[in-house]
């Protein structure tokens, strides 16, 4: 994420983007807006075609009409630009298992690609389809659609399996067809501003690294809170649960970025692999999570009945024991982190919406002796991922005025106020990631061995849960989750009861 | 400075404050307002008398009339309260060398002190007089004025000598009459909010100490800038010069607070001595400054002639070579700081008004290799003492948005915005110090051995300057000072040419 | 190297060792003795055959007779045991490029392997042949000789190419035929006691890691000295030179072990890859060496003419500019080591025979201020690889008795005196490595990516030398090498002129 | 202890040593031999007289005859030199409270002092008398015996009081008569080679300081073991007990040297005070010891009856509850040591004779994960004070040979083998201290504030013990002491059951 200028070679070459599963929701809601944001910022080459591909019958115009409203809604007043963008979009029908159909598309594209004597044709295959068809469409592409003059890259979305075994199957399929440097596994959390910021924050500042270890850090808490439930679409979720949906991937990726050692390079040649070498090293140092290191919950309707409980969602089985909330603790058993608890909390239908990382520091050694009888609050570094991106460090100063006791305040960097210009129009995570793919930067994509290592940590736990060895605890929607979970977390991380958050950086009131 | 609650025993006892030199400017402009601020906040005991004492003839009412305007100007709308305060003020005439005169005052006071059956009478002797009369008035007090039922404390103002020899004379005088725990040497910079904050900032936070050493700190710069000249009152200044006036005392005290090791205690029993033990230890580790480690300047009239040059001030000799500006470098030769330059800069008639400390950190080790071809700005911790108190850390984040390069921003704590309520009515440095004296807290007063050690550092330099071995360089008033000084400082501290300060914390533009 | 007990499964299975190039010197002098040492210590399975394989015609007995003298010479009095060992050795003639020949051998072996109903047959292919035949014999093995019931492992000896390009060719050949976990690239220095000790020394002691970084280490010097010349066999050497022969492989491997970060594991599951992940990371952080970072030498005859100069060796061209000595400096540009010079020195025909690593520490910060006027020698950790293995730390103590000045002495661990029992009969590096191979432990073998990274560091320098851009400086045999090299090294590492080595750990006198 | 060359000015001046209490045992057994050792090594000025002074009647020759046998026994073959030394010794009788008597001696001495035109007469007053006469003899000296041309120094022996109150009385007496720089309080443990070595070991080596703190040190154990009982002279001991006799002074002084921060200087100008500033700072950071942090013992006769039990000593009351053994734990509550237990153990009639300090380090962070299933012993630094001075660090290496597991060995510096020449004739602690006194070096003498701080730590405990709140536990003579004490200590320090000591440094077997 550091060398913005690098990797723009593709802009002078031709590009075809094949959006596989173009009729679906993912393509409409995430892929298309991201492509538009790149278009709008001139990050797409002049010689470029976006080809929607799916099994249904549809005209170019029908696809454009399907995609347009989302774009117009988000970017009011840019109708002309949106139309210009959509004019680069066409639709071609085909079977996912047909090399012939796919080849047909690219036979047609070749002309476009070579317009104006353009000699290099790059092709990006965006898999907006379920993993069940990866093998088919992958084979078809390999056989019929690869560019011989430029690069070929696959963007693949989760889920990447449901456990170690199913992941290995997926991995075998993909690796049997494409090389690692062609494959871009998306974890869109890696595209979020604050996560993309982590390499710079950690390794381009001398002030954090000396503190970033077991001698100074007491605990790390990674929190994901949603204030909505399944909203009538619990079917997909129920077969995954909160651990697979959020923790094994997004939060684990964040943990790896937080905990990793310095890479050989954080920018420039090969940095994508250097960064992922370090991330996977963190995962290898984490032992599989056991049931006793986990508290699960499932939301019930709130007292005011303003929402159905999870199992009352029509798309969820009445006897579902799928967790909608979980709190876990794990340890990174390496010299930097041995003994420091990494706590993960994630839940739906909670009291607020927030994603953040808290790194709590030990109170200074001997503080109790140096300040006898006086409470010295601990320092705490907070990285708020969303909403309202911010970095702030809880810091003690003397209470201003004639009093002398320490009072907790903060050294603050709220993106909204500090970077108001830039944040007003911040690109989406997908936009960032597709741009990285175009530039050939793999650092923000998950590597095969990372996925494997992450599944190794979670699979035994997931299997135990599915074997019914532990049940989720009911909690009222819009609450903090099960009280048992708060109790569990408090063993590793104690909230400071006296600290009051101050307006400029909003939303710190609860955790 | 940490245990605000402690030390309030004096409030239940009687108190007499003898302001020696009550007719003078110091008493009117600094002592009286400070006493009023304590009165206004209920930090003075009910049974209390302020006795102005000087050689001139004056009535109580004349002294009150002399003091009232300063108070009224600063505290508009509090006329009644000010009058109530002034009703506790009386004036008594006497010679400084007359034990009889002084005794006379306290014979009279005894009745007041014992009113309401009060058994403990505390006496504070405030020396708002030049050191030349210290011996006389000190002897007179010792002989005739000491309380036998409560404490007796002397508040003494600088100058504490002009060099080692003259200091030793003063020290001998004072120590011959009073014990160290009765003597409160004032350096009013130790009463400023940010300096009083330093013990808490450093030792009640775990985030700073690991960084606070030679491994991470590249340089420390302590800056004092005034944007006015001698304003027609250069006589006193000319006999001292900027080094004695500001550096040997105020800035050296700040350096000691910045550089000191952790004291046994920073609050509670004996902490005043524990803190000063550490401060003096820093001074002992500094070698005397040599001429080559110093650049001096003297201001000339600005191009627009809006102000006379220093030697054009009527009270300054035409051929004066007294420096109005100096930049120095020194080293604290101990395991924590060996090799780290501590730069001091101080000047009059400069381009802005500011007192601050900058601690610049090394760029992260291997940053150039980790971020090839990308500039990584250094972290820098700034403590702005005045105006607009602030603590902020220059920090790099990824440029928000699609770019990836680090950009310098800051983790900020601007007192004005964060503590708006408290800062609007912040007490003066003198107010804080007199309160400390009433509470018997000596931490923010300079100890005899500190003064000796500070003179040891500066005396050889001052003697060399007075022997004409180096001349000050002329600089235009309202400029940054001599260009040679900027060049000299840049050997130890390089400003970051790209960093732009952001509004919330004002005033960082220049240094 | 830590879990001795692990990996003994092979002992209960059958084993065939195919020594390819069995007629050669390498097989006789290194492979055979190593196999005997394993036999002697019961580290070979009962069901085991060693098959010598080469193109020449030879009987089993002829091979045994060729190997016996070396064994007998080293292990006097063990004639019977040696004969028992040799009875497991047979010879089969074949072409290196003939799958048929190789298959023939194993068709014959199968019976032996399955004797006693043994179901698992492991096969170790020892390549005691030049790289030019790797492709041929590799293909032949792959086609005709792989065991289907047990493991197949290749032990391959250097040279692994002469530069990046030739290495890539070799790598392509090997990787096209065998998987990385089947391939064991030997760098026999990794089998030496002190190098095998490094993982334990560094990561099983808490006392070294905190010191093992740029804050404390001033420089690292890795030294290889031979006191003999080419001894009439300079032909092979002349085509390589000292840099390829010793530095790019042996000394670079030692550097990687010294400089590496902690691996995920240093023993147990997957530790071989974890260790090599860290080693290769070190190599990636080193920039290619440039000519100005190198001083080369070539030995001339000594004054007494007791030996011919290098170019006077009959097997060396008269105008050879091949270096027999080199001193280099390189930097590991990562957070741990940025700025610390790693010096390598290697030479033939020098004043002594020795391989060692010296890690020199900075003198304590502020030592000059704390001990005014007194010399404080620097600490230095020495790891002597050969001869007389030792670890010792130069340490200062007060001169015993009435004097008070520091004197350099050492905390010493001389293997010869401390582990006299174990060291008397220490196994050879090859013995250790073949045992590791049998146990499936790859940590002490070099991985493909390490070889690539090492060549990347040295190739530009080697090409520059071969292009005649710099000439070796003549030095007298049995001297310290060129004076220019001593001067060059002294820029990074200064010897302590006062330190005198003390008998128990011999041989420290010179460096 | 570092600048041996400094302070030899006294050698060119005249010197009178007044040994007060010359008839006593202390003078004969400790003072006289120390003076002889200085004489023997030419550390006494040519113009020197030793005056024995006491109340009994005695001739010069009688005193010489009393002192001679001790000297002859220790220094066989030096009879002539001893006689030469004794010829500088005379005896003068006087009362301790008689200024006249003392003055008489020095009236006589003046002539001697001024022989050869010598102008500077230095006088050393050695108090080999009980504290009860300090006031008398001190006043007498002050009144009648001070040199006006040279320095006057008092060497005073313990006991320095029995608790805070009695110490304050003593302190008041001494300070009322002499200045701190005239007063040399002896704790002879500060004169022992290994303790004198501590400043150099800690601050002239860069390898120890980074480890010397709570992050790396698990515990510190200071042990004093005697293998003899009171030997029929228990009277004095019984009124003190082991805590006062050994722990409050000797072991506490060692603790302070071990735990202290770096002084401004460890040699050169003012270093005596800088060192003691740091030592006293350590003591201020220790809270008074409470009964629950202490286990006491009293020895009983051994099973074989080879020695009487403590209370069977005729000079000890039958119902004595005086401890002859104690184990204590205390904490130095400062940033360096917070949380690290400092254990003290001291006892008489134990299984061996030894004084040593052990600093045990934490096992490396994550060692259990890095070396799965393998025991990794902790590093331990041992400073053996007596017998057989040694410094050694328990260090893990790979078991030499084909095994790979870590084995604990040691980096060793045994003074006996390394410094055989110097140690054979090592001066006594008293010799070193008297020399320091002659040189005006106070670093190895205890300062008034140190004594006060040490008593503050121990006084509450001693009073509680004397109030009968806890009884000593009986243990058999020649055992390890009470089993309860071993259990108590094991909470803070666990011995490594597998480690076996290796011959070169003897005596590590037990602790």
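For this structure, a couple of remarks:
Which chain is which? They are A, B, C and D, in the order written, and residues in each are numbered from 1.
Here is the rule we go by: a contact is a pair of C-beta atoms (placed from the backbone, for glycine too) under 8 Å apart; a residue touches a chain by one contact, two chains touch by 3 or more.
Computed from a predicted structure; not experimentally measured.
Taken together, subunit A and subunit D share the touching chains B, C. Separation of subunit C from subunit D in touch steps, taking the shortest path, is 1.
Among the remaining chains, the Cα-based centre furthest from that of subunit D is the centre of A. For the self-contact between subunit B and subunit D, the two sides draw on mostly identical residue numbers; the shared fraction is above half. If you compare A-C with A-B, the chain pair joined by more contacting C-beta pairs is A-B. Per-chain Cα centroids separate subunit B from subunit C by 65 Å. Once the centre of each chain is set as its mean CA position, subunit A and subunit C turn out to be 45 Å apart.
Separating the CA-averaged centres of subunit A and subunit B is a span of 52 Å.
Touching of two or more other chains is recorded for residues 209, 215, 262, 264, 285, 334-335, 364-366, 369-370 of subunit A.
In terms of which chains touch, the assembly is arranged so that all chains touch all other chains. Listed in rising order, the residues of subunit A touching subunit C in the complex are 209, 261-262, 264, 270, 274, 277, 281, 284-285, 334-335. Residues of subunit C that touch subunit D in their complex: 1-4, 41, 43, 193, 196-197, 199-201, 203-207, 209-211, 215-216, 262-269, 361-367, 369-374, 376, 378-379, 389, 391-393, 395-406, 409-413, 415, 417-419, 422-423, 426-427, 431-432, 435, 502, 504. Those residues of subunit C that touch subunit B in the shared complex are 214-215, 285, 333-339, 364-366, 368-370.
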